[in-house]
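In the part that follows, the structures are each spelled out as structure tokens.
Here chain A shows up in two complexes: once beside chain B, once beside chain C.
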Partner chain A sequence: MMEPRIDYYPTHEYQGFKFRRGHTLPFGATVVPSGVNFSLFSSAATGCTLVLFRKHEEEPMVEIEFPQEFRIGDVYSMIVFDLDVEELEYGYRMDGPWNPSAGHRFDRTKVLCDPYARVVGGRDIWREEPDWEKRQHHRGRLAFNDFDWEHDRPLEIPTEDLVIYETHVRGFTAHPSSGVSAPGTYAGIREKIPYLKELGVNCIELLPIFEFDEWENSRKHPDTGEWLLNYWGYSTLGFFAPKAGFAATGRFGMQVDELKTLIKELHQAGIEVMLDVVFNHTAEGDHRGPVISYRGLDNKTYYILTPDGWYYNFSGCGNTLNCNHPVVRNMVLDCLRYWAAEYHVDGFRFDLASILGRDQNGAPLSNPPLLESLAYDPVLSKCKLIAEAWDAGGLYQVGSFPAYGRWAEWNGKYRDSTRKFLKGDTGHVGEIATRIQGSPDLYYYRGPTASVNFITCHDGFTLRDLFSYNYKHNEANGENNNDGSNDNESWNCGWEGESTDPAVNHMRAQMMKNAICLLMVSRGIPMLLMGDEFGRTQHGNNNAYCHDDELGWMDWALAQDNPELLRFTREMVRFRHQHPVLRSKSFFEHRDRVGSGYPDISFHGTQAYWPDFSPGSRCLAFRLDGAHAGSPDSSIYVAMNMYWDGLPYQLPPAGDGKSWKIAVNTSMPSPHDIYSTSEAPFLQDQSSAIVGPRSMMVLVADSQ
Partner chain B sequence: MVSVNKQGNVTVIELEGSIDGKTAPQVRDEMRPALEGCTEAILDMTKVGYLSSAGLRLLLLVYREFTARKGKLMLVGVSPDIQAVMSHTGFLNFFTLKDTQAQAMEALGQTQ
Partner chain C sequence: MPLDIKSSVEGTTGRLKLAGELDGASAPAVRTEVEKMLTNKLDRLVLLVEELSFMASAGLRIIIFAKQRQPQLKIYVVKPQEPIVETLKKTGFYDAVYVQDSEPGEAAAQ
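And now, the complex of A and B:
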């Protein structure tokens, strides 16, 4: 047993609070024997005061100015003794110049939140209207970091085996139909783990869970009077703090334990956790925005500024975090390491990640130090890193994002071309052939696991709406339908919006199945959007960022309304897991590498070995050779017919003395739309098959 | 805060009030001598209105120390609200809960 450290005794006292010089690192507030170590960076401040509060009290209990000898370099640190860790809130007051044109915005009247705060207080209960008279809404708090993980650690599932499910923590179970005991919370997701397991997904990607203010830019809809909030949360207050309002126990300050418990139990169910992280901007907006933290601590370091001190807006949200400043870069690194090590998070999806590759003047870097650091970081080395490879400043880097062999991307081109092909546009068969291979045109040097394939995501139409609306219908956002994308590549199947016409609804159901089938047979990492497995609708709204209501929530009653689609999705996910030939780290080589007599992939049309890549074509088929899969597998044949009539497809041989069985036929009514391996019937005619209008057929080779 | 009595071989500890960062050290100090050397114990939480993070941690720590020396410890009378919090934060998994002292006695193989 070690004796207590000899330097843990107070040297100073002020108004009954005892303190001493602290440790410069780590930054933030850390519990140390008999006290709390506070450490804060500011390159341009002339002085710093620690402000301590009792939880929820407006007036501080003490303000302790850092003695000059407590500053080393640009770091102020101090240990304060005998604090009640659970009841403490803290902030800082900074001295320094107010000179916006030179980039400085110090203001002693503001109490600022610690950028490294492990918990941020102020929005403890979701949607509880704040007291707008408060001078300061967000204060740092301390977190216990002694969670008992037992044997858990990040799962490290091979990337090629992932099936991602994109989810909003609140939206997933907030709807009364979810039937959980703690709706809209981390604990609510925990209650739905059996559902996720049965669905077959093995990675859940959470929309932002770093503390944000749901009341930011809140307003009432001019017609309906309903509150429109910052529901999605792409606006970070504290990069190290989990969203308290997403925790059933947030009111007790236990969100850290609740989130860790969720992650631990997801891991036990074989499901990874990926976080959607927003490092491109903060919740402080531009010069008109609130002073919360970074702006008042060291404006010039944290933000990319114009030469005369205004905020560059590459994020479309007012400001741009100065990610390639060495100090900010370290903060991002510290943050991700913290989530990986302390919360056992398995991966990260970076919102508007192209901003992370801009230099301190906003120009794109060819070798961005932040992206390189993340790619080679020792703690993050097994984490999945996924970029949204564009930003609001016009940088579009799908296929060219600086990857260092590590980064994957949301493949926006997969989304666009599959949508066009599925709705029957001509001229896309060639591109589809590339997309289903994992987009070698974009990721030749990285492999297909660089491609996160998706047809829908939170941003845009849901799958059902993709085939129910030709146009966005965002009136409920209160912006006269001006917000949201106009390039949806959607098709309403003959009627705009909900329909009672059985033919229209039948077509929609079939189109949704086509989309899910195409996604699951494509090489790359498939990503599903929450609710698409049973036809969630946003009634044509393609930008539901502000809807903490039925529009943004998942209505679980739809699982009863659309059991066929749910069954189809589950079976399709299962099919992917069963067939390693669908999943690989490497691209097809279009040749026979193993002596099976067949190339790893061959393309076909209505005639075997004659794919029709002509401009008017809507048909494509391909055969994957089972002998080329990493582990023993059957050969698979996929026929896609996006023409409005059924067409006979001449079949390539199943090979190896085997025959073709029907695994999937989206033109058939349930349960004949998809079969489990044991139930799948053999084709009567092994030489050709009729593929129905606008439908997909998947065959599997088996011994008769 | 803490009252102790012995029923046969079983030490029964009744806790009262809020257990949080302020009171936890005191509760711990008061419980420690009672639990020393005993192998079977019941923590009766019927009169506990609130358990903070620090309170939950204290409970788990006591539980761990106790079971480490092969003791059996049961929680009794945990209110539904506290049970929900313990469930959401993962603490519930570690404990054995019974509704009443009698049930806990029975589970420990004792008759009153």
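And now, the complex of A and C:
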């Protein structure tokens, strides 16, 4: 039998609590034999006190000052013995200078949350109004690594095969129409796994699930009296802690298990999990914001400050995390490794990622160490890394984000140009030809999988609203409609807002189908927004960040109202999965590489082999050669007509003795808008086809 | 409401009857009892929880603890109340135990 280790005997005692010097690493609170190891970094503190609470009690049960000999370098560590780990909460008091102009904001009166806390208490139940008299709202708790993953691990689905579904944990099932037993939770999503599977998506991207405070900047709408909350959660409190309020079992402290169970079951269904992570700022805001953690622990290390100690605001949220400081960089790395290893997360999408490439003075770096470290990290080597390649400080890096061959990007240019093309703007055919190839102009050295193609995302109009509103309608946000983008490239199809005109609604439905079709035939990684598959609306609100209500939730009744669109989307996703010619890691070479007699891609217009790239054009067609797919596949022809009248398109040959079948025709009513492969009818005239006004047609080559 | 704990071991079956609320405060006593029972070589651990109205995370972790100590151990949760079933389901523990309305027969231990 192994002898008990000498380093787990107490050497000190204070008020009945036994302790000894601890292990400097890992940071955070870690269960060790007979005790808990606490380890914390601060470069400028002069002293540190560990504050221990019984769960939910206002007064601490003990405050233990770290003896100076327990500090090694800038790290305070201590093992405290015989603690009830289930009932424990903890924080720290820091001694040090209060000198804001020098960047220091130590305040011994504050009990601070551990940046490495694996669980953060204080917002255990979603939307339960806090006791505002409380001195400290957020305390660290312990998490246990005893979850039974069985044989699970991250799925490592090839990037080119992904179809991403962007969703909000609460918004996905909070609406009563969701019919789940635990609305608005991780468990709620679990009940919807069969739906996701049927939809065909194989990756869900969750809006932030790191612990945040939904009450941050909360207010009541001046007219309606409705609570406006920090619903989206782009404001992190604890980078290592899952949002407790998103767990049905959060009130019991079981959010870790509930989230892991969700991820495990999604994996069993073949669906990856990607997290939207926010490392550009924290919930502490600027100098007027609350002192929760980082500001009081080591303000100068964690934040980018002006020379006189104010907060740079490249995030638009008050502060900017100092991500390229080596200590913060390590925290980000530790955090992502933790989520990848402990939660089996498959990938990350980085909010305002360009900030991660700024130096400690805010200047963009040519070789940002954090981004490089993430790209080459051994634990993260199979994780998908996706950047929102811009920030609120004006840095726009779509196509130029420092990628190290690893990073993909939300392709904002795909969104903008497809929107313009779809609504019939002229002068965009050339750019569309580039975008549907995976944007080689932007990602030539990375390949098309660097391009996350999307037309809508949480930020902006939903797909239905994109074709129902010319202007944003954000009055419900209580900011006099000043918030949200004015640059939406939307088209209301002739009437602003909801309409009873069948012609208007028909056109909107067709435009939505065009958008989904274009997305699914484009090379790159397609991303759908939650609810777009059945026409979710935010009634023209393009910035619903504060709406924990019907505006922000997914109304599942729309699936019954718009079954045609739902069917079309499912079939379109299936079509993409069925045809490897639509998905590749490589760009087209515009030549015949396999001796099939056809180039891998050829462009056409209303006349075969004569694409019209002139400024007045609204038409484009392309043929993908199945022999170039890498695995057996049919050739595909896609015709896009964004002109307001139907046009005859001369067809290129199907090739190899085959004929063209109609797979998709968005101008036709359901079920003739999209066919399964076996049901698809052959074109009677194999030399030309009429493509209806503002519509798309997809043909597949097959043997008669 | 205080937790009432009754335990017994017959052959290779351990029985633990819990009544009241199994929260953070009462969990250590249950864990001690389980540890004591696991000093025997058990095939199954039967948790009789009909009168248990609440089980906190600390209680659920005792199940994990028992599984880790004796991976072959079959754990039966007999007559749990609905909130406990829901918690078991949402946190994934449901699949790790046998939830049933009556004590398992002898054959179940095979």
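Operating definition for what follows: the second predicted complex is superposed on the first by the 703 of 704 C-alpha atoms of A that agree within 3 Å, B and C clash if a C-alpha of one lies under 4 Å from a C-alpha of the other, contacts with A are read in each partner's own complex, and residues count from 1 in each chain.
By definition in this document, contacts are C-beta pairs under 8 Å (C-beta built on N, C-alpha and C of every residue); 3 or more make two chains touch, one makes a residue touch a chain.
This is a predicted model, so every value here is computed, not measured.
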Chain B versus chain C on the shared chain A, clash or fit? clash
Once the structures are superposed on A, label A:K55 by its partner contacts, choosing first (chain B), second (chain C), both or neither. second
Considering only the touch criterion stated at the top, classify A:K192 as touching first (chain B), second (chain C), both, or neither. neither
Between chain B and chain C, whom does A:H138 touch in the aligned arrangement: first, second, both, or neither? neither
What is the contact status of A:D146 with respect to chain B (first) and chain C (second): first, second, both, or neither? both
Which holds for A:H628: it touches chain B only (first), chain C only (second), both, or neither? neither
After superposition on chain A, the chain A residues reached by both chain B and chain C are 84, 86-87, 144, 146-148, 181-182, 185-187, 190, 247-249, 252-254, 257-258, 260-261, 264
Given the complex, residues on chain B that touch chain A span 20-22, 52-54, 56-57, 60, 84-85, 87-91, 94
Note which residues of chain A are touching chain C in the complex, please. 55, 84, 86-87, 144, 146-148, 181-182, 185-187, 190, 247-249, 252-254, 257-258, 260-261, 264
Of all residues in chain C, those that touch chain A in their complex: 24-25, 27-28, 56-58, 60-61, 64-65, 67-68, 86-87, 89-93, 96
Chain A residues touching chain B - in the complex, by the definition given at the top: 84-87, 144, 146-148, 181-182, 185-187, 190, 247-249, 252-254, 257-258, 260-261, 264-265
